[in-house]
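You will see two complexes here that share chain A, one where it goes with chain B and one where it goes with chain C.
Then we have the complex of A and B:
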């Protein structure tokens, strides 16, 4: 009897997987939507970088999607972070889960790469995710001038008084707590800029003279780096030292220009 | 002495007849003095204002009736535990020949009263820890705090301050700070509400109570599970409601739970959108009538209806403002919130509803435990009807109303109800839904409900 039960439960699990989990061979649907906060008046530097990275990744894969801007995108997201995509009945939030979701459909930017390159790419992506993303959070929420002049007005723009003050304060304490756990909260601004400098240096060395990080074809790493660097370069902040550090690396700037030309200007024309 | 002699001659039982003959309203008296004994922190001015009507009494009957009335008023102040009345002829300097002296013996409530109790709310039990500070500043003010934790993981916190004002309309001002969390698995969301409520209550006629309220509430709606319907997900996030409300209540029922006679009218109007980002105008009406047809056989008819309309395109209406229908305490024979628009199994609510119920309550068959435990039980047969849907104002009224009338839901059944104290009631019913729509979630069979407000 136990063996029969086991087979049954296995069959059930398999059935579940095919029934509920990501359908492997289903084509990319037409009505995929990417949800993010309002770009002009609401979105903040770290969120904008993540949203742009996901958009770039989907465009690099040649997948159609529509951007939907919602003031409550962050609350709608199943993980509490933006962006998230709605693909049929599935909701997938943030870049990494979206990458694996797309991979499950048989679409990948890195399938031609060998294992060593893949591991290399993963390492650099994790570098960007830890250093640049945390530096963006630090500038946005811990730097007093940026917090007062940029973060508060933008984050509170979609909220009625007095919630705009209360929720900004709530969100700030969440971010500070998170940075504290990661050991970033007690850094000085100069230390943060130094980290960014180191990260950009490492990326610049890896890129060298190639058009993309791994040769002629863009990868997930290119999408991620573009998302962060382009946002850093184009977001006006009271203190633009962040952008000027990035500007010091001409090959990274070239990468941004290339990705923008290939994937964003073309769609703007059509 | 002469009178005694005369009485003896006239009647064999002088004592009895004398008692019958005395008309209390014929005894002219004057209230010279009122003593209130046992006051320590209650302020004199409110006591004087409460008892001074007694000086108007002209004869002994008036004195007794008036003293009872004053006792009721003193109890109403919420400062005293028990009140005794003592009437004597007045003596001492300044006493008039027909003078009386009325003494109220009072015992003040303790400064601080606390308790742990279990509550039965609408379909949920919870544990509450409360503390009350009655008569805080000596004029009937009351500070009340309560924390409760529910069986369905809802937690709530309230601090309220009540101050009775002087005047014939018995006005009371209450300010409340609250936090309440609730989960609505039928709609796939949970909600945390924090806010401030200011209430001004007064009577416009002896039985008619008005409450004027302002409420500012910060509501945080979030999805309960990953599988919540996208239409619910779209409405998540914080919102701020600032609204004024008027509640009119006319309650002539003999008791709130399982009444045998009397009627209830409750009309609530709420206008949201004075600040905040939520705006609507909401009307809610509840009518109930009770008639005793035969001894112990009570017919109850209830009608509820509500309508919500947006007031501006810039202001939102959240899912937590909508009306819902269905469930053991609402339209029986359906799941909780089981009537009306659904998406992926989640009730979305709608802007208009009506529901009616006709119940016939009788004692248990063969009346076991009559005069005691058995009196807590009633059997009832019922028929419930109602509808929930979106009604739009303007040109679409005829079409939306037509659709509305065509889709009435109906159920009937019978069951047993149990009265829990004077507050709550438990019902166990067998229900048969008769008319329902495709999107509904009918629930034929046994249904169990516990709560305060029933249809």
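Then we have the complex of A and C:
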């Protein structure tokens, strides 16, 4: 069985997707910044979920960072998607690359797990990334009421006329294209809710009575699930059925409360 | 409803019951859940409801994707997942999404976007399998779809090589995860195959068996020995006819090759010799006749004959007189 380590170390030597190579075991610098869009007036549901997941992951690792809010964070990002972190000379965007970047510093949330658990964790992260993330994109960009009442005003809030119409339209066609190739664009709203329901059910069954997905310690999966579920629960939308589906699973709600208490209230106090 | 359940599929080759992922998925699922299913190789997606194979037909029901088909079969009390606990069902859902997220694009890439594979193997195969005139349309259409898929997920400004290595890298990670999860077990959830096994088999079998000219990802899969054994086991146990057909075809081909080996530098030698001989003779005879080297003595014979007739007539007249 070939190990992933080989390809990963090779990728390290050759430089990763952003064109940076990462020196191993250099300490975490002090001035790490996480860039994201404005949380109050601009950010949309899918982006907010991803940003919150990365923030949670970094907090779970005990790494310091500062959140920088920029209206053009999306265009500053090397991959065109938010959030991204600036760590020394490196820019790394999105959760997966950030996780492998942090792992290369010798910090990992899942190092005590066996290989089978790591495999399961990857599979569940895929489940969240495909189902919840695509459902969020669908609701934000394909549902007509949400698009008119929430997405357009918020996304266009930082842009002058006529760009606030042009860029929204451009972004929408991009998202619809992506959902189209993934087989989501032709779904009806009810089918999307059904997918979300199935996904939450799978997550809830897997979580069972444990505090976190893999026992007493949080993992990358917990950060990702918290990022998505907490955002879904707290974002006001014209149709709140999305949130009410999640509310139907009490152990998932408990997970969200636990992570919020452990990692967000404590830092707010100190 | 005693009408047979029927499924229209893409044909098989290289020891596969079908070369298409989604056809294989449904066929394997039907085998695992014990459904008596008639397969019908149509190789033509034109008359299907959404332009894709497989198409599942039972009486008036016409369905085309595994979730729909498995829901329908469940109503008929056929399912491969009855023995699973809730937690195992959740795991199956998660791994299915993992395959769809990581491996599907990589397979499309190997199939349609790797230029060498596409021009040397895939396009000729589909062009041969599809009936005229669809063979001029579908291979190009599928290539365009794959291109669209890649463009939607990756930044087009990036270097194509970085995109390729990133697609393959994700797929390799996914294969490793599957290999770890399978371990030494016979199937993913013990000794009985389930819907997850059907999906994994459908994604891995074509990647393993098709003789790609550029086999980067295939070699990685071959290194995961437990996954290779998994694919071989399912093919042998549930689709033995595909292997037999392929071996018969291969041995027939190699037999034909063995006979024609001495003539392989010039096939059909004897036929060409005879044809050339006949042509040369005809040309020379024609030339000889046209230039008058050889003269046919038909005239003399006729005059001789006519002379004979005259004699005969004269003789006859003489006798009459």
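Structural remarks
We take it that the second predicted complex is superposed on the first by the 250 of 270 C-alpha atoms of A that agree within 3 Å, B and C clash if a C-alpha of one lies under 4 Å from a C-alpha of the other, contacts with A are read in each partner's own complex, and residues count from 1 in each chain.
The rule we apply is simple: contacts are C-beta pairs under 8 Å (C-beta built on N, C-alpha and C of every residue); 3 or more make two chains touch, one makes a residue touch a chain.
The structure displayed is predicted, hence computed values, not measured ones.
When both complexes are superposed on chain A, chain B and chain C fit side by side without a clash.
Of the two partner chains, chain B is the only one touched by A:160; chain C is not. In the superposition on chain A, A:86 contacts chain B only, with no contact to chain C. Contacts of A:180 after superposition: chain C is touched, whereas chain B is not reached. Shared-chain residue A:76: touches chain B; no touch with chain C. Chain A has more of its residues touched by C than by the other of chain B and chain C. Legend: residue contacts after superposition of the two complexes on their common chain; A:244 is shown touching neither chain B nor chain C.
Using the contact criterion defined above for the overlaid structures, shared-chain residue A:148 touches neither chain B nor chain C, since it reaches no partner.
With the two structures overlaid on their shared chain A, chain B and chain C come no closer than 9 Å at the level of C-alpha atoms. Residue ranges on chain A touching chain C, taken from their complex, read 1-4, 7, 11, 17, 79-80, 115-116, 118-120, 122-124, 126-127, 129-131, 177-178, 180-182, 198-199, 201-203, 205-206, 208. Of all the residues in chain C, the ones that touch chain A in their complex are 86-87, 89-91, 93-95, 97-98, 100-102, 145, 148-149, 151-153, 155, 158, 162, 165-166, 169, 172-174, 176-181, 183, 220, 223-226. Listing the residues of chain B that touch chain A in their complex gives 218, 222-223, 226, 230, 233-234, 236-238, 240, 275-277. The touching residues of chain A, when paired with chain B in their complex, are 70-72, 74-76, 78, 86, 91, 159-161, 163, 166-167.
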